[in-house]
Amino acid sequence: MTAKLALRDIVVRRGNAEILRVLQLDVTEGEVLAVLGPNGAGKSTLLQVLALLERPAQGEVLFDGSPVAGRELKLRRQMAAVFQESLLLDRSVAANIALGLSLRGMPRGQRRERVHYWLHRFGVDDLADRSGRHLSGGEAQRVSLARAFVLEPSIILLDEPFSALDQPTRESLADELVAVLSETGITAVFVTHERDEAARLADRVAVIVDGQVQQIGPTAEVFSSPADETVAAYVGVETVAPAKVLESHDGLVVLSVGYAHVEATANGFKASEALVCLRPEDIVLSVTESEIQTSVRNRLRGTVTGIKPAGAEVRVEADCGFPLVASITRRSLEELGIAIGTPVTASFKATAVHLIPRGT
Amino acid sequence: MELIWDGIREAFRIIGTGDREVWSITLRSLLVSGSATLLALIIGISIGALLAFRRFPGRNLAVTLVNTGMGLPPVVVGLVVAIFLWRSGPLGPLGLIYTPAAMVIAQTIIAAPLVTGFTVAALGSLPSRLRPQLYALGASRLQMLWLVLQEARLPLFAAIMAGFGAAVSEVGASLMVGGNLAGETRVLTTAVVLAAQRGEFAPAIALSIILLALVFLINLVLTGVQQRESRS
Amino acid sequence: GSDETLILATTTSTFDSGLLDELEPLFEEQTGLNLKIIAVGTGQALEMGRRGDADVLVVHAPTAEEEFVEEGYGVNRQLVMHNDFVIVGPDDDPIDMRSAEDAVTALLGLRTSEMTFVSRGDDSGTHKRELSLWNELGFDPAGEDWYLESGQGMGATLQIANQREAYTLTDRATYLALKDVLDLEILFEGDPGLLNIYHVMQVNPDTSGDINASGATAFVDFMVAGETQAIIAEFGIDKFGQPLFVPDAGRSVAELTEE
Amino acid sequence: MTAKLALRDIVVRRGNAEILRVLQLDVTEGEVLAVLGPNGAGKSTLLQVLALLERPAQGEVLFDGSPVAGRELKLRRQMAAVFQESLLLDRSVAANIALGLSLRGMPRGQRRERVHYWLHRFGVDDLADRSGRHLSGGEAQRVSLARAFVLEPSIILLDEPFSALDQPTRESLADELVAVLSETGITAVFVTHERDEAARLADRVAVIVDGQVQQIGPTAEVFSSPADETVAAYVGVETVAPAKVLESHDGLVVLSVGYAHVEATANGFKASEALVCLRPEDIVLSVTESEIQTSVRNRLRGTVTGIKPAGAEVRVEADCGFPLVASITRRSLEELGIAIGTPVTASFKATAVHLIPRGT
Amino acid sequence: MELIWDGIREAFRIIGTGDREVWSITLRSLLVSGSATLLALIIGISIGALLAFRRFPGRNLAVTLVNTGMGLPPVVVGLVVAIFLWRSGPLGPLGLIYTPAAMVIAQTIIAAPLVTGFTVAALGSLPSRLRPQLYALGASRLQMLWLVLQEARLPLFAAIMAGFGAAVSEVGASLMVGGNLAGETRVLTTAVVLAAQRGEFAPAIALSIILLALVFLINLVLTGVQQRESRS
């Protein structure tokens, strides 16, 4: 399959400085790609290139497999991009949201309905008649998101879309986004500094450092085996594993992960596939099987495959049907006598399992 | 001082009695300077947008030239345009000298640098990422221009008024290329000069007041339009 | 000189000839006064006199001047010099004005042929003289299609006539000054009714407290002084090969018209 | 003690809308106050009022106990405020950072050193000569923070100061901030949407909803007993308890919390007092004592004091020497037979304990 | 056309030979219009900042009046100023009529609305939160103004040039209140008019070229200053 959007041998310069160099980047139709990386890495610049707004000094951008040169306007109208700053126009919020539609010549009557739908979806109904210039930071960000989503584009490019939102909104919007993206099959690329958001939303993650793509791959892969320390610093180290839902009842979901079964709290979860995420500090290791009753619902037997010191703690990698990482204190390591090859039981609560729904 | 009062009284008398000649001179002023302003807007906004948005070698020089253009003395413009339009001049065969068209040309040249200057000022201070954001929402080049012009509508409004003001208030060029011919190319400013030369100060002031009232009125109308626009 | 100033309001045509530029330093040297020459329309010059904003006037609109004196605004009015008005027009002279016997027949030719004529239309001395000629003809050209009113000074009016291949009435001095850039030729001259007579007069010091009466008197005296009159007689010869003005101090208007 | 900054009966209006009403708010000298709340709640507006930039329609602002009217400039020069947007001037980054100092008439030589120090501290040394107009979002935010900190003010007001920073920077800056604030005793008020940041940095937390202060109090109190559901939604529910350090060795810290002792990984922790934070999903409840060896280092006995359903999960409150909250599945609740009054053991790993150092 | 070439040749001749009179006229233009521009800047920037930053009842009317002011015909300004300054006028005793000071007054009135208009345009499009942010960093009112003016330096630079351009290129008012006295109040524009009236077109064009060169030069110098400023 040809990529929806692809970069070949791109170089972007500002003055004499080379700020972005991408040998190859393919964004597949329907996928969600998260871009992570330190400040000033070139993430926003990458997005500008993908949005056909910055013509690179060198290299080619391909849309559906063919070079974009000369048809930028037509192609741009199939996309929508939201910048890091919300650049709203000095007109009403409703007019701001309707902007892209009227640029595409949609008649006023038709616009109204769409605009209202998206006003509502981003929780800014009340602001419809207010000026785009007098909004709070978060309100402005919502409006600028609505302004892009209302276009129902086939590609959407978002630059730190949730940075100014309050946490509950951020979470519910992330949920919505997951729903919208999977409903519509929109191709999406978004820049974020929030690992959770990336893990939750993205099919693939690209980590950019110093103007270069340091690692790109499926979310689980990047998160669980970062290519190097720099990447690790930006994605964190977590256990992330693909899983299939086996059954789901009483608010509990049972999943098969690798050779193991894992129970998790459902919390409205409905998909048939998922990524299972576990924080290292949520996993308890024990060397003997216990029979007592606790609120721990998952007990997986396995073998220690690696031990890495990490500050005051130690990260223990174990294969328990799938690879997982637990962080324990040095003293526990000694007391339990854990070494590579030691058989261990990894326990974690169903509530500690974070599920990320996956596609169809 | 008395003269000013006399002038004001005279102005009201003229407006009240609807003096046909004054009326036709006013209309001519409006038409000539209105056309010149329109042309100056087209030229000034195009060049202004170019200078505000594009970085190219020679841009600084171009800006300096525009600024210099704001100092073009009307008499000089008048003289040069006249030299071109005189029968002996390269454009003589067009027969434009001493016609309203000639005045429109001269006034356009006078007003355009001002409009350009205001356009650069207005567009230059918009946030630099606004334009890419508009493109990102699907704007074509023209739509982008239209949107940023609306965004900068207040200063652009000043550009229109500065352009119209420069055109309508100018006298040196109009005299030179228009000839101040009664019933043909006499406009408010040239009429004021004539009245002043005749020592008829009160009528001169009356005509000035009518001229200023015209400018003020157009301002009011455009302000109204602009505010209605921004509300919708 | 001193900071005592004297304001002379004069018509543009006098000023544009450059004569006053030549006389100014002489006068200032002789009197120690600071002469300010303000070149304005005839009407404006007289109005400035009425309002006391000028001390002394040099103008060439005899009828208006007499009125001005009668109203009590002007005193010590003296004949300074004259030249004459001529009618100029395109060299091919389609109405054969060259063969006209007097000024009125010359204008009659214009009226019947409806050849374009450019009038100054600015109430200047020249304009007033032109109107009085039409008046003699018993015809009011105002509003005729072929009768243009330029509303400007002599120079601009000549230029308009030139561009329109039209006829106009001009003073000889201005015509000579601009001759090089014009395609117009003198088609009629020499009628005694076409004399262009310049007077100097003092603004009546009784009408306003600020008027520099002694300076004004000095200027009038200066203008009619023999030395000055000699300069006037010579003025223009170097540039045009002929003098622009004829000095007339001590003569009367009646004497001039009789010549 | 009179408050450093205080609001009395403040009302702020925009047009006809009342957007902020504060009956009383005291910011004590040297304290760090975090302001949380939904988008559009009025947080930024509150900060503007505190910064003496917005004169309220009604009410009074007190500085060191006396009304500010008439001495705004002098007082403003004792403060520094960082807005939500980084409004940098069109001059070099170094000049931007030096701005406040030159406004105060500090000679160029003296400025340079200070500027360099803060450039370095915010990791923007490399940008010193670049224009303030051509920075990435995160770079701009750092510069605008440096621009305020360089003033070494006695009060600092920060509006979502870390929203555009990458996560490692955010964390290290938070650490730095803690250090700077406690070193210098600066009074600070900051707006944030990040609960963690608030918990980590603030002595007290104010939650603003709909233009009104819904709850204000010590961080631990607000986080562990939110006044109502709205507040709870914005602060999250965690166990947050004040603790004293008893001993510290081998990378482990032992603390006394209420009547209990808790072990935590040190990770560079050095203070003598702390807030102990525990996520509900990190706490395992069991009904019988186990003897087996696991990597769990904390086992506290206590009694269940409350049970609250929360989505697919249940939140169990227990008093184990200090009040804590655990989230468990409904099924575990049934299987374990937990009810109010049930004696339970709460276990959690030392690595799961998040310590927030507290100053003297 | 020939006339223009003649004029250009004449201009070079004059500049080459350093004609003392032309030199002094040019200097006078520079002094008179420079002073007027300075005054216009003080007035225009103050009023402009007020209009850009403050919301008060009647503000719209004030903006409209400023815009109308950009259409003030120099002849009218000249006439009205003359009426005040003439010996018969209320300010007659000051003895300012037909002095450079009178010209400075008239040119200031002509240039100030343009400077105001540009200032409003320049300051009005700065981000609205910039000012509070500057206050928050400890700026006094004056420091804030100074900083935002620097921030808007490009359009303000246009304001200076528009003001100077309007002042130096204007002729109607200078003639009226200055009197075009040789060696006292004759400036470049009035000299051009006189030359044109005398039919001396080549010198008229030469003087025009010198005038434009002056404006251009000042532009260049200010551009240089401004760019040096922005670098430091």
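Per-chain numbering from 1; labels A, B, C, D and E assigned in written order.
We take it that a contact is a pair of C-beta atoms (placed from the backbone, for glycine too) under 8 Å apart; a residue touches a chain by one contact, two chains touch by 3 or more.
No experiment lies behind these values; they were computed from the predicted model shown.
A.B. asks: Show which chains lie in contact with subunit A and also with subunit E.
C.D. replies: Per touch definition, common to subunit A and subunit E: B, D.
A.B. asks: Stepping chain to touching chain, what's the minimum from subunit B to subunit C?
C.D. replies: 1
A.B. asks: If every step must land on a chain the current one touches, say how few steps get you from subunit D to subunit E.
C.D. replies: Minimum number of steps from subunit D to subunit E: 1.
A.B. asks: Once you find the CA centre of subunit A and the CA centre of subunit D, what distance in Å lies between them?
C.D. replies: The answer is 26 Å.
A.B. asks: If you average the Cα atoms of subunit B and of subunit E to get two centres, how far apart are those centres in Å?
C.D. replies: Roughly 18 Å separates the two chain centres.
A.B. asks: Taking each chain's centre as the mean position of its Cα atoms, how many Å separate subunit A from subunit B?
C.D. replies: Computed from C-alpha means, the inter-chain centre distance equals 56 Å.
A.B. asks: I'd like to verify one number: the distance from the centre of subunit A to the centre of subunit C, where each centre is the average of its C-alpha atoms, in whole angstrom.
C.D. replies: Roughly 91 Å separates the two chain centres.
A.B. asks: Please set out, as single numbers or ranges, the residues of subunit C touching at least two other chains.
C.D. replies: 48, 156
A.B. asks: Send over the residues of subunit D in touch with two or more other chains.
C.D. replies: Those would be 85.
A.B. asks: Using the touch definition from the top, which residues of subunit E touch two or more other chains?
C.D. replies: 127, 196, 201
A.B. asks: Could you list each pair of chains that touch, in label order?
C.D. replies: Listed in label order, the chain pairs in contact are A-B, A-D, B-C, B-E, C-E, D-E.
A.B. asks: Which positions of subunit C touch subunit B when the two form their complex?
C.D. replies: 40-48, 121-124, 148-152, 156, 160, 163-164
A.B. asks: Would you pull the subunit E residues touching subunit B in the complex into a rising list?
C.D. replies: Answer in residue numbers: 1, 3-4, 60, 63-65, 67-76, 79-80, 83-84, 89-90, 114, 117-118, 120-122, 124-127, 152, 154-155, 157-159, 161-162, 164-166, 168-172, 176, 188-189, 192-193, 196, 201, 204-205, 208, 211-212, 215-216, 219-220, 223.
A.B. asks: Where on subunit D is subunit A touching in the complex?
C.D. replies: 14, 37-40, 43-44, 84-85, 134-139, 141-142, 159-160, 163-170, 193-195, 233-234, 236, 250-252, 263, 265-268, 280-282, 284-290, 292-297, 311-313, 326-332, 335-336, 347, 349-352
A.B. asks: For subunit B, which residues count as touching subunit A in their complex?
C.D. replies: 127, 129-130, 132-133, 135-140, 143, 147, 150-151, 230
A.B. asks: Can you check the complex and tell me which residues of subunit C touch subunit E?
C.D. replies: It comes out as residues 7, 12, 16, 18, 21, 24, 36-39, 48, 51-53, 153, 155-156, 177-178, 180-181, 208, 210.
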